[in-house]
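Below are two complexes that have chain A in common, paired first with chain B and then with chain C.
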Partner chain A sequence: MNKFQYVKPATLNEAADILYQNGDEASILNGGTDLLVRMRDKMIKPKVVVDVKAIPELKELKYTEEEGLFIGAVVTMNEIVCSDIILEKYKILAEAAHEVGSYQLRNRATMTGNVCNASPSGDTIAPLYVLSANIKIFSKEGIKLVPIDDFILGVRKIALKPGEIVVGIQIPPIKGKNGGSYYKHSRRKDVDLATVGVAAFCNEGRWKIAYAAVAPTILRGYKAEEILNKLDVIDDTTLIPAMDAAVEEISPISDVRASKEYRFDMIRISLKRAVLAALEQYA
Partner chain B sequence: MYKYVGKDVKRVDGLDKVTGYTKYVDDIKMPGMLYAKIKKSPYAHAKIRKIDTSKAEALEGVKAVITGADVPNRVGLYLEDKTFLATDKVRFIGEPVAAVAAVTPEIAEQAVELIEVEYEELPSVFTAMDAIKPDAPLVHENLGEYYHGPIFFPKPGTNISNHYKIRKGDVEKGFAEADYIMENEFYVPHIQHAPIENHSVIALTEPSGKVTVWSACQSPYAVRKALSVAFNLPLHKVRVISPAVGGGFGGKAGTTLEGITIPLSQKCVGKPVKLTFTREEDMICSFVRQGCLARIKTGVKKDGRIVAEENTFYWEGGAYTEYGVNISRAGGYASTGPYDIPNVKADSYCVYTNQPVGGPYRGFGMSEIHFAIEQNLDMVATQMGMDPVEFRKINAIKEGGHTVTGQQLYNVGITKCIEAVEKDIEWGKKSEPSGPNKVRGKGIACMYKAPSMPNNVASSAVIKINEDGTANLLVTAMDIGQGSNTVLAQIAAEELTIPVEKISVVTGDTDITPYEWQTVASRITYCAGNAVKKAAQDAKEQMLKLASIALGLPAEYLEFKDEHVVSKIYPDRKISIASLALGLEMPDGSGVHGPIIGRGSFIPPNVRNTDKETGQGDKPVAFWTFGAQAVEIEIDTETGQIEVIKVAAAYDVGKAINPQLCKAQIEGGIVQGIGSALLEQQIMDKGRVLNPNFVDYKIPAVSDAPEMIVRIVEVPEETGPYGARGVGEPAMVPTAPAIANAVYDALGIRINSLPLSAEKVLKAIKDSQK
Partner chain C sequence: MKHSISFTINGEKVHLEVEPHKTLLNMIREDLNLTGAKEGCGAGECGSCTVIVDGKAVNSCMMLAVEADGKEIITVEGLAKNGVLDALQESFINNAALQCGYCTPGMLMSAKALLMRNPKPSEEEIKEAIAGNLCRCTGYKVIVDAIKEAAEKNN
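And now, the complex of A and B:
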């Protein structure tokens, strides 16, 4: 690893100043489970590492009927998995958070880190797409909310300018009957990255679908959604057109984890399983 | 009847390990320590034209830079074909070509980047089948000049570094008599040992020229020998200390990083030089399990008797086969598995390729060949309409039966093992799948294994009795997690009647602990166990003489009991071991004899060479261990994922010195076997490893462990301590073929190569539907 300066600011303003002054040479350190790996592999060589875990605003986890759920940037995956309000109202998020790495890893990893890392296989991102999450960003100019699909631009590319910090993730309240599920297909049950992932969420009969690990970014499954929205009965057979649509919507690659062909096969099965599991939650 | 042997004594190293106290090599920090890094070859095969180290040497903080010119001597355990750094050419991607020692690891790394190497690329070979072609580029042009052990048969001018032959009976006659003849082919890929501890070595050269290395190694004496050859040092000037081994699985059996750290330390006398491999380096630059292509032709009679078999194994040995040649030999002399087949022709070829170096791996060839043998057996049984279990019982070696080398065997436990797993897995009974799109299947596989070692390898042990009646046991058998410290302490305790907790085991220091050939081959309980037993007996003989004087009774009327020498007739006439420890004090205050030090030496008795042309011999190995496993699996037919639900295992271990540790070994072996069956493969593209990390090289996690029913069969081995045989490696051998056989049972589909990845299984399902 290269030499770097470590700073741990106590306020957002202080952090923003440091980040602004150092521009590209600074990296935000959250749980560090992506950042440190990339630094070790010399994929990035920041001169300044800005630890944001001392900033009070980032530690919040709260829910209100009006604004919905706010998950502060430094809230860990394990805190999310164990949160009663998330388990009650946004179970798909707890489910996805639980899919990330191992227990030890989830003690450090954060959902904001997962989003900002913007990996196509990030497990919590597809669920955030189907929940229409917004990313809450602080800069010296103020606070802004950016829809997650505008925030993520490509593989490890996000819409964040020097001096900006993600404060957390804001998820709208959900009204009416709903149910969601994230299905992760991986080589090994535990501690593995998704070969293919599908998030399915249904609210008052309207479906939202997102695919993971099958394109440079998470993808919304608009075609599959359209088909699902029209279905009266959803089962193994009626799902087939939606499964076919999923295949058309993705552009997977072949890599050491799986061939493109296998990913095409698995998107079908993952879609089916995610939708059926979401239906089981539907209430 | 035994007090300590056969008991579930708690691991003597347990507390230190679970509290994190145990110090592994990389935990050791010394004043003035330097850190080393290696420069690696980016080419699979290339001539080294020039190495320029001047920029690296000029970097501040760099203390030494070495290249192949500094380590010119060829070394190798069985075939001296390697140098510690590449000299004339590089033979695989990742091969070390130069190394640096600097005051920090970061500076060392920076310096490595400043080393400039000019290469001239050469054509490469990546599969055994390509490498044996007559016009294949040669990985080692000078094979004919390499020194090798007399039991190996390299073919100079080719890439074949060993050709082991078996010619038993008359194979042509056998096939002529057969009612059915079938041929099958199988392949297992290269896999990783994946120990939790990466390779790590510290070397220190003293002003006198004496070299000490602290090395995470399984075999300090074998390493010492190789280093003395490599560096022209007499043995007493090389000290190898193995403080602790964080998992070996064979990967830490030979020499590894010692050969790089020593020449660095010789250039910085008085300063310890540490080299710890990163995980990526561990996975590319250290031993891997060889790939193996196996072809089996089987001739069977209608009644199910196999009458002829022709086996050909091609081992993808990688760039250096100093160790690999012996794996091909082991594959040869075990080539039919635990079955009595009268006519056999087997050819086992160790082949050089431009790939990472193949080496010892738990099972030493047995996992690879049994994947073929045991699937082939099922395929033959299916074709004949026979039940796989029955078919195995018919052909399994019986009392007085013969192995493939013509060795006649007695005390054979294989049939008992088959019967045990047949019962425990409820063979023949189908259970319900857990849901739609799921199918279940059961499969069985057997195995046998002998320690793959030269005939006359030696072990020794020293026991020092202390004046309070406690004892120190000195051995160089290494506890690499298998529990040898505990088992050897139990053996000493049994003989001396001193409780295990009063015996402290000291291991792994060639200046202090006595000779042990290697901690490999599942030989330690057997070999070192015999040496410890003899050392204890030696100490006892000395004490008996003294007790006889003290008690005024002839030695034959005395026995050892509860830390005392006691009269067999008058139990109250006794003297404690403690009071004999430093010799006997006479009534007039004088003393006799002095401290009690027991020494024991052992060489497996009567193990002899086999015939060069036929491979036949009446005792080519010390002993055989037999075992069987049966598995139940469930397959998700939509994804191809296999879940192993249950594994029943039975092993004839002769005598379980510590049944709990024995079972733990077997459970660990099963899980490792599941890894090799379902997940593990070193993925390579033209010699480049694509998954040198745990992100993409998956080994089983806790949630992959199935229900395991482990049964221990005890048919004593006459020459083993208390009848014990080895079991560490046999534990993983049958798991993969049993799972492959269960896949067939579930789907009616044969998959002839590992791993049985979800993607491969799904593809096979789809192909079968076409």
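And now, the complex of A and C:
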């Protein structure tokens, strides 16, 4: 790792000042499970590393009927997996958080880090798309909420300007019957990235689908959603047109994990499994 | 610029001056001469560097030493008390749960953290806790058996 200056601001204002002054030379350190690997491999060489784990607003995890769920930026995956309110109302998020890496890793890795890293295979991102999550951003100008699909611009590209910092993730309250599930298809069960992933969420009969690891960003499955919304009975047979639609909606590449042909095949079965698992949760 | 940090390791208070780019693993091994925790991959993949920080198992290769300020750390050297081995160490020996031993300190710390939060884990919970610890020798079964045995003794 190259040398750098380490700072641990105690407030959002202080953090914003440091980030603004240092621009591209500064990196935010959260759980470090992406950042430190990239620094170790010298893919990035920040001059200033800004540890945000002492900022009180970033530690919150709370739910209100009006605003829904807020997951502070430094809340870890394991805290999400174990949160009663998330297990009760947003189980798909606990499921997705549990898919990340290993137990040790989940003691450090955060959902905000997963989103800000903006990898196409980030396991918690597709579930956040189907829950219509907003990213809460602080700057000296104030707080703003940005829908997750506007926040993520491409592979490791996010809509964050110098001096801005993600405070956390805001997820709207869900009214009425609902159920969701994230299906991760990977080469092995733990410590592996998704070969393909599908998040499926149904609220009062309306479906939202998102695909992971099949394009530079997470993709919404609008065609599959439209087909699912019209189905009276959802089972292995009636699902086939939605599975065909999924194949048309994605643009995967071949890489170390799989060929694009394999991904085209696996998106079908992953969609089916995610939808059926979501239905099991539907209540 | 070096940072002055204080923390507890295996029950002892320590003050150190550390460079920001030093990992917790390197500080433990190089500055404190506790060489139980090992570097396998240096990138979070293998778990051989696992230590317990504030009651939680973490990969010490993926944490900066400066982040240890104010924390309570346990390494494999802190398991035995007054020359008496921890129940987990005993059961690893009884079950021959190691061959080359490279993964063992990390396995023990993942298992210790598990038993600290959950004294009666199921087999599934044991497997979840050590899923981030690679072993290239044993085939894992004897390790799971050893953790089960230690848990039974605990209760």
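Heads up, the rule we're going with is that the second predicted complex is superposed on the first by the 283 of 283 C-alpha atoms of A that agree within 3 Å, B and C clash if a C-alpha of one lies under 4 Å from a C-alpha of the other, contacts with A are read in each partner's own complex, and residues count from 1 in each chain.
One rule holds for everything that comes next: contacts are C-beta pairs under 8 Å (C-beta built on N, C-alpha and C of every residue); 3 or more make two chains touch, one makes a residue touch a chain.
Please read these numbers as outputs of a predicted model, since none were measured by experiment.
By the touch criterion defined above, A:D190 reaches both chain B and chain C.
In the superposition on chain A, A:R257 makes contact with chain B only, while chain C stays out of contact range. Of the two partner chains, neither chain B nor chain C is touched by A:Y222. Judged by the touch definition given at the top, the superposed model places A:K3 against both chain B and chain C. Of the two partner chains, chain B is the only one that A:I269 touches; chain C does not reach it.
Put chain B and chain C next to each other and count what each touches on chain A; the higher total goes to C. Residue overlap on chain A between the chain B contacts of one complex and the chain C contacts of the other covers 1-3, 189-191. Taken together, the chain B residues at the contact with chain A in this complex read 106, 638-639, 679, 683, 690-691, 695-696, 698, 700-704, 757-759, 762-763. By the touch rule above, chain C contacts chain A in their complex via residues 1, 3, 19-21, 23, 42-45, 47, 50, 56-59, 62-64, 66-67, 110, 128-133. Listed in rising order, the residues of chain A touching chain C in the complex are 1-6, 29, 32-33, 36-37, 40, 49, 51, 53, 78, 101-105, 107-108, 189-191.
By the touch criterion given at the top, residues 1-3, 185, 187-193, 256-259, 262, 265-266, 269 of chain A touch chain B in their complex.
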